[in-house]
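Quick one: the structure is below, questions incoming.
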Amino acid sequence: MPSKYPPMGWNSWDCYGAAVTEETVRKNAVYMAEHLKEFGWEYIVVDIQWARPSAVDHSYEAFAGLTMDEFGRLTPALNRFPSAAGGAGFAPLAEYIHSLGLKFGIHIMRGMPRMAAHRHLPIEGSSYFCHTAADPHSICMWNPDMYGLKCELPEARAYYDSIFRLYAGWGVDFVKCDDIAREYPHCRKEIEVISEACRACGREMVLSLSPGPAPLEEAEHLKRYADMWRITDDFWDEWRLLKGMFEREEKWCIHAGPDHWPDADMLPIGALRQCEDPEERTHFTQAEQRTMMTLWCMARSPLMIGGELPKTDAFTLRLLTNAPLLAIDKESWCAHPVCASDTACCWIAPRKDGKGCYAAVFNLADEEQILSFPADALEAGCASATELWSGQPADGSLSATLPPHDAAVWQITF
Amino acid sequence: MPSKYPPMGWNSWDCYGAAVTEETVRKNAVYMAEHLKEFGWEYIVVDIQWARPSAVDHSYEAFAGLTMDEFGRLTPALNRFPSAAGGAGFAPLAEYIHSLGLKFGIHIMRGMPRMAAHRHLPIEGSSYFCHTAADPHSICMWNPDMYGLKCELPEARAYYDSIFRLYAGWGVDFVKCDDIAREYPHCRKEIEVISEACRACGREMVLSLSPGPAPLEEAEHLKRYADMWRITDDFWDEWRLLKGMFEREEKWCIHAGPDHWPDADMLPIGALRQCEDPEERTHFTQAEQRTMMTLWCMARSPLMIGGELPKTDAFTLRLLTNAPLLAIDKESWCAHPVCASDTACCWIAPRKDGKGCYAAVFNLADEEQILSFPADALEAGCASATELWSGQPADGSLSATLPPHDAAVWQITF
Amino acid sequence: MPSKYPPMGWNSWDCYGAAVTEETVRKNAVYMAEHLKEFGWEYIVVDIQWARPSAVDHSYEAFAGLTMDEFGRLTPALNRFPSAAGGAGFAPLAEYIHSLGLKFGIHIMRGMPRMAAHRHLPIEGSSYFCHTAADPHSICMWNPDMYGLKCELPEARAYYDSIFRLYAGWGVDFVKCDDIAREYPHCRKEIEVISEACRACGREMVLSLSPGPAPLEEAEHLKRYADMWRITDDFWDEWRLLKGMFEREEKWCIHAGPDHWPDADMLPIGALRQCEDPEERTHFTQAEQRTMMTLWCMARSPLMIGGELPKTDAFTLRLLTNAPLLAIDKESWCAHPVCASDTACCWIAPRKDGKGCYAAVFNLADEEQILSFPADALEAGCASATELWSGQPADGSLSATLPPHDAAVWQITF
Amino acid sequence: MPSKYPPMGWNSWDCYGAAVTEETVRKNAVYMAEHLKEFGWEYIVVDIQWARPSAVDHSYEAFAGLTMDEFGRLTPALNRFPSAAGGAGFAPLAEYIHSLGLKFGIHIMRGMPRMAAHRHLPIEGSSYFCHTAADPHSICMWNPDMYGLKCELPEARAYYDSIFRLYAGWGVDFVKCDDIAREYPHCRKEIEVISEACRACGREMVLSLSPGPAPLEEAEHLKRYADMWRITDDFWDEWRLLKGMFEREEKWCIHAGPDHWPDADMLPIGALRQCEDPEERTHFTQAEQRTMMTLWCMARSPLMIGGELPKTDAFTLRLLTNAPLLAIDKESWCAHPVCASDTACCWIAPRKDGKGCYAAVFNLADEEQILSFPADALEAGCASATELWSGQPADGSLSATLPPHDAAVWQITF
């Protein structure tokens, strides 16, 4: 699986919901290529409902007509993705993204469209039919489109092979599979079949599982069958949710490593919810955004930007291009919290090259605090240290005066 | 708190139960001084029931007479600890241990003797009385001797101050407090009061809390108020219990650090249960003993030998004097499992000096397996490696043919 | 609601499963009219899947074609119910049943056919459409045909009104509504809407809710909105299930009364599972059948025969025509157990006319026992008593030698 | 067991707590004999702590000195019960109560005084000792005096035999055993041993178990081993508690019968909490008191007056001497609720003589309501009816205008 480091990119959900269009995707890709690519950002991911012509916002529609081919495989809605005309699917868009030096990803729901089963359509590349693969009792609790598959049957594998064959032909590099990561135990087999179809399709793809929270006790299964998986339900720009992530990351931190990354979800920063209001910006304070970026990097979560990139403001751009901070993802390992309370938290992350470590302190309280990283926890000492948000060297102790919800993180040499 | 590294020593419970005597303690101390001290072993701990004259094995006795002073503080039973005569308490024995270059520890139960309360005895150094400090509803589920204290009252602190004052006078270096580590939430305050009395007594003592399993969600409280705490119920020489420790250590590993060590309990090796049968030896295989020592060292658990030291055989002695293995405790940090299943488990532990790491594989199956440490997990590479049980260099891969329940552990340089 | 006494009748499920046909229904009705009607038996109920042309046994079929009208209302499969041709529905069959002096019932699933929603069909008698009434997330766990409705919307009431209007036009006297009785809390509102549509349809119908176990804590809701409801999952001819019914009836007994009858499910006696094997007979012993009939009558459960009536043997016929026993249903009230153990149970039921009571003893053990009804429990004394299975007067005490799983029941006068 | 009907009497707890004295008991007994006896009231029960000289109110005292004989059996504190002097125990007081035509009861805790075990006292009438019968781990959660016994040992039966022998000698007619009724499963055996000692002691005594709530699933065990048992924790004069009793009585009603009476606890009416404040009266409204008496009588709960009898006011006296109401206890059976909601409840109780029934309606709402008993539930009809609080005949329907929390109850003839 192609994720030596935590994947970095952009996803359409936070800014466009179900209503993302080709035009939007292209302009976000252009921005990434010009401003972010050099810092490691590379994936452009089209999120949910790209096969529904009627989508206009973040909501779903019961019994909506979805575009699909004669084999019950969803295809882009032509009114929203015109380059898909003539049966081209996402191939032209993927080709464009690739031409910018970036990678292309799509969202899928587990299962097949309900109407593919009700219509008794054939499964491409096989002698099976959709209605024998579909399980009429396996539905999603929050989206009305699909039936899960009877994964103990070869018909199910045939259907999943048929869609990954299609995606490989389109040039897809990243698949976010939804309605599955928290659906243990009943989706255990479906995860395995999807993972195997993905790996066998002839093109290297990152397989990302949503939504969370995935169950901690399934960590080993997830590590084996997915590149990344959500450890939380949808994450948005609310302090309550960000604060809650500290407990989640504490539980999951020991499970992060090459090709298996616990995913704290997208970064809801910059211009969000644009289909509802083009003036909308993140509700996070700057302090909270620093805290989020620091925690995601220390815990080595994948980094997927949620905001509309062409509207990126100067603060957000600096946040996304802090090279020493982003380096934590690649240079550190074995990170974990060393202390935690309702008002403060500290994390440590050794550097792989043995030349030092990273140490972070988080102010989780609603008032300013002076916080120090506990000296005892630096068992190998601290010859020098630089704080990565200010760029300033530490003088003596690892201590910082932090506004509410803010963070400091030091790069330490022994 | 004086535990920069996980404490190492010997405890009387596994070999003598409630019936340990001064003579036994002395001869075990002599053995340690002569054979083990140079490898870091230093604590000699007298376990439970030293105040009961009638103790003969591992069992307790309801409504037994216990020796105590006029302030309701337990004192050593003179028939078992003759040097305690004349009110000397454990001072002569401690002095002897210290003369061997070792440290001296004792076991206590939380609370006070029931009879101290029923007799309305005064509390030393205060104007309070035992019967107002004792809580008649706070009893131990498995031992009939004591009442817990009403820790919201100053009487309780006065009583605990009075016993730690006594222990400091005796020269105690280590206190194992029982009936408390898993007794959350009702013993939360009692832990705090005991910890504060211990720290205020004028002598540096390691505070160890038993029995487990302590609740994981209380990790921060335990880290603050204790040097070590049991993460498991009593551990004995059964493979089922050893196998179960892998899951416990996975949960607790991120909480190990200077002055706060999750404790996997004593090492039941060598000559055990001597009060029942002088021929008894550990039921663990040699492979299982290697697995235990490897896991305890990788997870940095305290190491407390359970067997009677003078009867130590050659295999056990090598086990306890494998210097490169024991060094893991002091040289590594941030250890955690990188994969785990019902049949195998792998752990990694970075070295603090950045010159490499330790990697271990465990065969948890009942048949021989060839096990390899996953190459991906060595993110910084592996220039060379030495297996620490065999002393042999690794040739190419980190792979080992392991008998059932055995382990291999490599010291790796980048 | 038209159930002053617990309903008595026949239901097609136990003998024909999903494959019942018109011919079968007619011949069972004829038998009932000739042999059972005089003892109070009156309902003839066509159970599940009468709209599926392909049904051949007790199983269901995913994505099967169902017969329905242009308003998404299921209609009888013409290959199985030929008199329904020309849009007549069940009217001709109902008319025939009525001509025999009996009453006619049908089974329905809550909700509407999935295809009615996917096809966006109109709702009869309204300006609404099926796809806005259907809830794509509300499915049955064991049958693939239907979607539940969004019962907070007027569309849902419109749809349920439309089907009950149809049934009233057919002449239906009894509706067994399935996938609903144990589906609290999410089907609470659906029960209310169905109940109101049933009562408002212009024809008096018994409303029976399945399957169980309905939750005891919803007893008052059930009493208000239904005539009878299942207190158990499907009941079949296994002693384990019959024995388990004693505990269920103990919990529900105080909730039995006019127009609200806890339902212990059909009587699996006589010729069962005829679509699988025409030689099949009940696996219950004669003793067990007496126990079942006694318990159902004492607890005043509805009585629905499951066996194929024309194949009724002499023993079964006597069982179904024991007039003094069947009278318990109508003459008693306030029944309850007076003692219960794993091996025996006693029930008492006062007569409404004050002239005495009924007392039953049940041998739940696997060996013969002599059982006595406790004299203390007969607070008003016992002037004389007759055992209703043997027809013999009691001599002195209420005591019986009972084979395994057998019962005795006395009619007592004070 | 001597409780053909639910016991009726007076208990000292509600008015005197732990501080009841002989003088008080005598004057309450005199009042009962003069004013209440003719209505069926007969038991005078001395509640908890009669062996503690220092008791002054409702509270307990840790490590208090208790009066006991040389066999570890508690005896009345002489400062409070002077007639017990000279080893007479409660015999003189019992004799006095008997002389008034009443019966005498006492409270006990399960187990033995803690000090009897710590002192290693002998057990009367046996060669055993208290410290081998006592279980040091079996304590009461709310009272500090006793240890439960090791009931699998003959020592335990010997001790319980010894105390019931003492009580039989004193002339005790009623024993309320505390710390036991809700202590399943660990006190199951202790209940059996106490019950057997009680029945074998040579004097007929009512055995009452406290405190509740006893577990419903142990109904058969309780029916076998006790005459009455609490179905609730301590009941006081709060509407919240009274309202909650309706749900408890619904669950327990089928278990009431001769020699086994679910007990809703004392009637907190009249002059309560006299040791704290001699002016204290019940906080229940008159309406609430009618509701309580009606429910207790319909459900056939034991009736134990909590108020100080000599201070009984006119209203309370009428409440306690409503002969037709109190007759429900003896004349009815098989009572149960017929409908229940958060705002109203109806109960029915057939008369044993078949000449009619009782029907009650309860206004559980906080505002006045007109409530009718459901006509359907009177399956045998209603020729005439008299409301028992007003004494008025019903005109046509069973309907009443009820103030908040009030009740009406009709005696109905068919």
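A, B, C and D label the chains in the order they appear, each numbered from 1.
Simple rule for what comes next: a residue touches a chain if its C-beta (ideal position, glycine included) is under 8 Å from a C-beta of that chain, and two chains touch if they have at least 3 such contacts.
As the structure is a prediction and not an experimental result, all values here were calculated from the model.
Homomeric contact chain B/chain D: same residue numbering on both sides for over half of the interface positions. Greatest Cα centroid separation from chain D: this falls to A. The distance from the centre of chain A to the centre of chain D, each centre being the mean of the chain's C-alpha atoms, comes to 65 Å.
Inter-chain centre distance (chain B to chain D, centres taken as mean C-alpha positions): 52 Å. Inter-chain centre distance (chain C to chain D, centres taken as mean C-alpha positions): 43 Å.
Counting partner chains per residue, chain C has no residue touching two or more of them. If each chain is drawn as a node and touching chains are joined, the picture is one closed loop, every chain linked to exactly two others. Under the contact rule defined at the top, the touching pairs of chains are A-B, A-C, B-D, C-D.
Against chain D, in their complex, chain C makes its touches with residues 220, 223, 250, 253-254, 257-259, 333-341, 348, 350-356, 376-377, 379-380, 414. Within the complex, the chain A residues that touch chain C are 62-63, 114-115, 117-118, 120, 131, 134-137, 139-142, 144.
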